[in-house]
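After this come two complexes, each holding chain A, first together with chain B and then together with chain C.
And now, the complex of A and B:
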């Protein structure tokens, strides 16, 4: 065995005493094997990798167990020995490529640093080798990119540079910690395909740490599923995915959005309330006509949105899909009236909202009708206000509620969104991701909006929480009769809630139509690219029912 | 003592419990708050508790070294140094607190406006602050006091003016990074005007780093006021004030009467020391994120 971990336990000293992040896990990794460690946030998967690289934060330490790499005891190895192991034997790719690169050094120089640190290059040939490393990760025009700073490169390019850095010294083991989180789905596919290819070519072993079971199943030979610092299941990727043994694994597999799922089927089988009746009408609620937004850029005007038109009917859910920079966020900002369009009409029940400047819309009677659920729940809650205050804010400012009436309405909203009332006095940092998402949704629906824009509301959430939040949104829609504009990069998620899907690229709509049609028979090449880039987990036979549903829908 | 153990978690929203937690957690904070309480006590009650009238002269006991009846000795006019040092606390603290409060308010307003709206307003304000900071600050303060007149109010104004840029820049940066944050946009969706978003949603988030600045600044302000008095601006003798006392005592150090200058200097140092240490503790108290 190349790497063997035996009964590894990692503890952190905190204000509340010692916290066990990893509780006695055992893993083995053979040469040339790819192992996926899958788990949700807080499961201890990253801590495991930090522990075996011995780069735990202050306060963290390995409390028990053994880590052996090719006969070397990593737990007892000296810092000097570890320095030669890190990078040359074992290297790591981190989650945020921009944070992993030094922002003020040219990327070529950063690769040279690593090469020379491990005596893989001399002053004379370092540049040549760095360029070769860039070429290996398929960067176009590596001679020119050698002189680029990280901020000049896209997220996918930065991750390629990080991979080049990690592979520069031909390590034998690569640990990738959420390497594609935050990247666009097509970029994710490109980066994952590339790293898989390089790993195979060089006969390296690798560990892929991810929250995305589908991604892990597609790229790994073996999976280890972690929960609360323990490994609950290990096995060959197909077997774990197709026939999960542990309850938790089954829940994860079910919660992973996939082409054949319905929103209810993401929930654990024993916790699926009956689906609520929901009937969109044919009456248009919001009509967007030739909407444009042009920003003044340094190098000429930037056309963020280039004249888009679509209609959202009352009670209908429309998905707006596209990758970063396609103009979907600009569109949602204009619709929610935080940003003035350059041109075009936003007809809401026949009134042209584009005529009212965003500055004045705050006091407009329709303000409460159009609301937004933010992408990042953490960022959207004021750190100095507790959950109750956050929900109460629109009620206080726009509905004029005070005292008992206000408190009752806040409690009602908390109940509606499934937020326990005793959490209302907590500050955002004391809430979990799912709870923060609920607070954000409660605030958005506080004024009974008719049109709700969901800006990637589940992008920052674990899949099991995402499943719960998507179901909550589906129930709220049925109960309150709201129309949704669901903005997302993930077609598989959008499809769960939406009847209609609009695909945007470079500020223009490239395809629009019923969700089932866009998903199964995409007309535009870009839509096809988006669909094929989604992680394709192995076929599974947990349920046949949803499959039949899709077929009948066609 | 209470029975709560040191790692117990304060209850939600309990400011008092949180205060006790912060003080227990960090002994340095506890020490600084203890010293601060001592200085506040001296300022409030000192004049009524000191053994001698700080202005009463008695040439018969001039320049006595520290002894049991005069703990810090007496000065060249036979005034009790201990009484004078304690009584001076009120004046020195008032000057620094007034100056810091003034620069805090003005600096916050200007900095918040510059950070939130940006554009030409930001550029103009920044250049004004740059201009102020380009002067050697103590010399600028001297100039202001000399120009406006030799009074205590003018010391306060001068000290406030030289400190405004520090607050304004800090607030500007803190406001600027939160201007486009989700919660600021959410506040606008809730029907808040720009002013309300700025004042009630964004600005409070700048308070924790501001508290560190306030505390450090109180120390500087005391030094600044004492420095101005030392060179003969502002407070006039025979009024007890640490800066003047050090200035007057300096003449006697060469002749071996060290206590006349040492004790007011020591108090000055302790006060600055206290405020410098207090900063981190204040931030921990003001920041709700520390209340886990």
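And now, the complex of A and C:
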């Protein structure tokens, strides 16, 4: 065995005593094998990899167990020995590639630092070798990129640099910690395919750490599923995905959005309330006509949105899909009237909202009708306001509610969004990701809006929480009759909630139509590229539980 | 090379309105001060006529706008006017006194940096250790002890009790001669003159006031160094660097420290500008013939030319300092270079 981990336990000293992040896990990795460690946030999957590299944050330490790499005891190895192992034998690539690179050092020099450290290059040939490392990760024009700073490169390009850095000294084991989180779906595919190819070419072993079970199943030979610092299931990737043995794995598999799922089927089988009746009308609520937005850029005007038109009917859900930079966020900012369009009309029930300047819309009577659920539930809540205050804010400002009426409405909203009333006095940092998402939704629906824009509302959430929030959104739509504009980069998620899908690229709509049609028979090559870039996990055994049984269980 | 050069020129051009604003404001403010210089300089026994004569002699009988134009006209020719209290051209006075203040302030800052930056870095690297605690104690003491108090305490201990420091009376003991004037900095001038004896005499005089000031300026620098080092050390790129097996020194200085430097330079600039104007107390305690005490004396007697000259000199100095800081930003952080284009 190349790497063997036996009963590894990792603890962190905190103010409230020691916290066990990893509680006795055992793993083995053979030469040339690819292992996926899958788990949700807080499962200890990243801590495991930091522990075996011995780069735990301050306060963290291995409290028990053995880590052996090719006969070397990594737990007891000296810092000096570890330094020769890190980068030369075992390398890592990280989440958020832009932050993972030194922001004020040329990327070529950063690669040189690693080459020189491990005596793979001399002062004379370091530049040449660094450029070769860039060429190996298929970077165009590596001679020019050598002099680039991370902020001058795209996210996908930065991740290639990180990979080049990690592979510069031909390590034998690569650990990839959420390497594609935050990247666009086509970039994710490119990065994953590239690293898989390089790993195979060089006969390396690798560990892929991810929250995305589908991604892990596609790229790994073997999977280990982690929960609360323990491994709950291991096995060949296909077997784990197709026929999960442990309850938790099953829940994860079910919660992973996939082409054949419905929004209810993401929930655990024993917790699926019947779907609520929901019928969109064919009365238009919002009509967008030739909407344009041009920003003044340093190198001439930037056309962020180039004349788009579409309609959202009452009670209808429309998905707006595209990759970063396609103009979908600019569009949603204009629709929610936080940004003034350069040209075009936004007809809401016949009124042209584009005529009302964004600064004045805050006082407009229609403000309450059009609301937004933000992408980042944490950053969009005032850290000094508790959950109740956050929800009460629009009620106090726009509806003028005070005292008892206000409190009752806040409690009603909390109940509607499934937020326990005793959490209303907590501050955002005391809430979990899912609870913060509920607060954000409760705040957005506080004024009974007719049109709700959801800007990647589940992008930062774990899949099981995402499943719950998506179901909540589906229920709220049925109960309150709202129209949704669901902005996302993930077609599989959009499809779960939306009747219509609009695909945007470079500020223009390239395809629009009923969700089922766009998903199954995409007409535009870009839509096809998006669909084919989504991770394709192995086919799984469909559950054949009769519907009646599910309903009687409730 | 032309793009950075243009950025620098543009940056210098931007200071022109600032300097003009300072000229206007200092002129108006000095006129708005209570007290009539004519009355003061005419003497206690003067009658209305002799006061009027002094007023005419000083040009104060002219309307305000006329005075202003005369002042600006002189200014453009490099004439700051004469100080009525010292009787010398203000330019000469400033040339005498500004180097004294600068020498003191710069020495103090160098001393403060030499202690505060390594201390802050060590405190961040060994968080919670004795170095960290020492850093905290020094920072607290530095900000809470006023300079005149530390100054007097140092004089009491090192001059009065121990007798190892020279008497705190200015830049040079009276038994030495001033070194021939080149830069106005005694330490440098005495070295140019090849006179080590004077150099050490000047240094001995400088140590106590410089230490006093350094103790005061050390606090914000050490605190900022520690905080920004902690931020840098916990960032993702440090983890990448460690995972790539880079050596401890490389991670600490090549990666973390350079990133932590930006806020430290900002603080340094602020501290420098603040101290240069605020070291009057130290100058008074050590009888240092600096620009701070000059300005206070001028202010007391409504010596318009001297005050205006002082304010203008300080403004130019700040403008220059900010320019240097901005330029050093662009050297440290490529992202700013990009934005400046």
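In this text, the second predicted complex is superposed on the first by the 543 of 554 C-alpha atoms of A that agree within 3 Å, B and C clash if a C-alpha of one lies under 4 Å from a C-alpha of the other, contacts with A are read in each partner's own complex, and residues count from 1 in each chain.
The rule is short, and it goes like this: a residue touches a chain if its C-beta (ideal position, glycine included) is under 8 Å from a C-beta of that chain, and two chains touch if they have at least 3 such contacts.
Everything numeric here is computed off the predicted structure, so don't read it as measured data.
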With the two structures laid over each other on chain A, which partner does A:100 touch: chain B (first), chain C (second), both, or neither? second
On the A-aligned overlay, A:2 touches which partner chain: chain B = first, chain C = second, or both, or neither? neither
With both complexes superposed on chain A, which partner does A:441 reach: first (chain B), second (chain C), both or neither? neither
Is A:304 touching the first partner chain B, the second partner chain C, both, or neither of them? neither
Considering only touches as defined above, state whether A:427 meets chain B (first), chain C (second), both or neither. first
For A:291, select first, second, both or neither according to whether it touches chain B, chain C, the two together, or no partner. neither
Would you mind listing the overlap between the chain B footprint and the chain C footprint on chain A? none
Where on chain C is chain A touching in the complex? 127, 234-237, 239-248, 250, 254-255, 258-259, 332-335, 338, 341
In the complex, chain B touches chain A at residues 7, 9, 12-13, 25, 181-183, 185-194, 196, 201, 204-205, 288-289, 291-292
In the complex, go through chain A and note every residue touching chain C. 50, 53, 55, 57-58, 79, 82-88, 91-92, 94, 96, 99-105, 113-114, 117-118, 149, 151-152, 162, 165-166, 298
Could you list, by residue number, the parts of chain A that touch chain B in their complex? 15-17, 336, 338, 359, 362-363, 367-368, 371-372, 374-376, 379-384, 386, 390, 393-394, 397-398, 425-427, 429-430, 440, 443-444
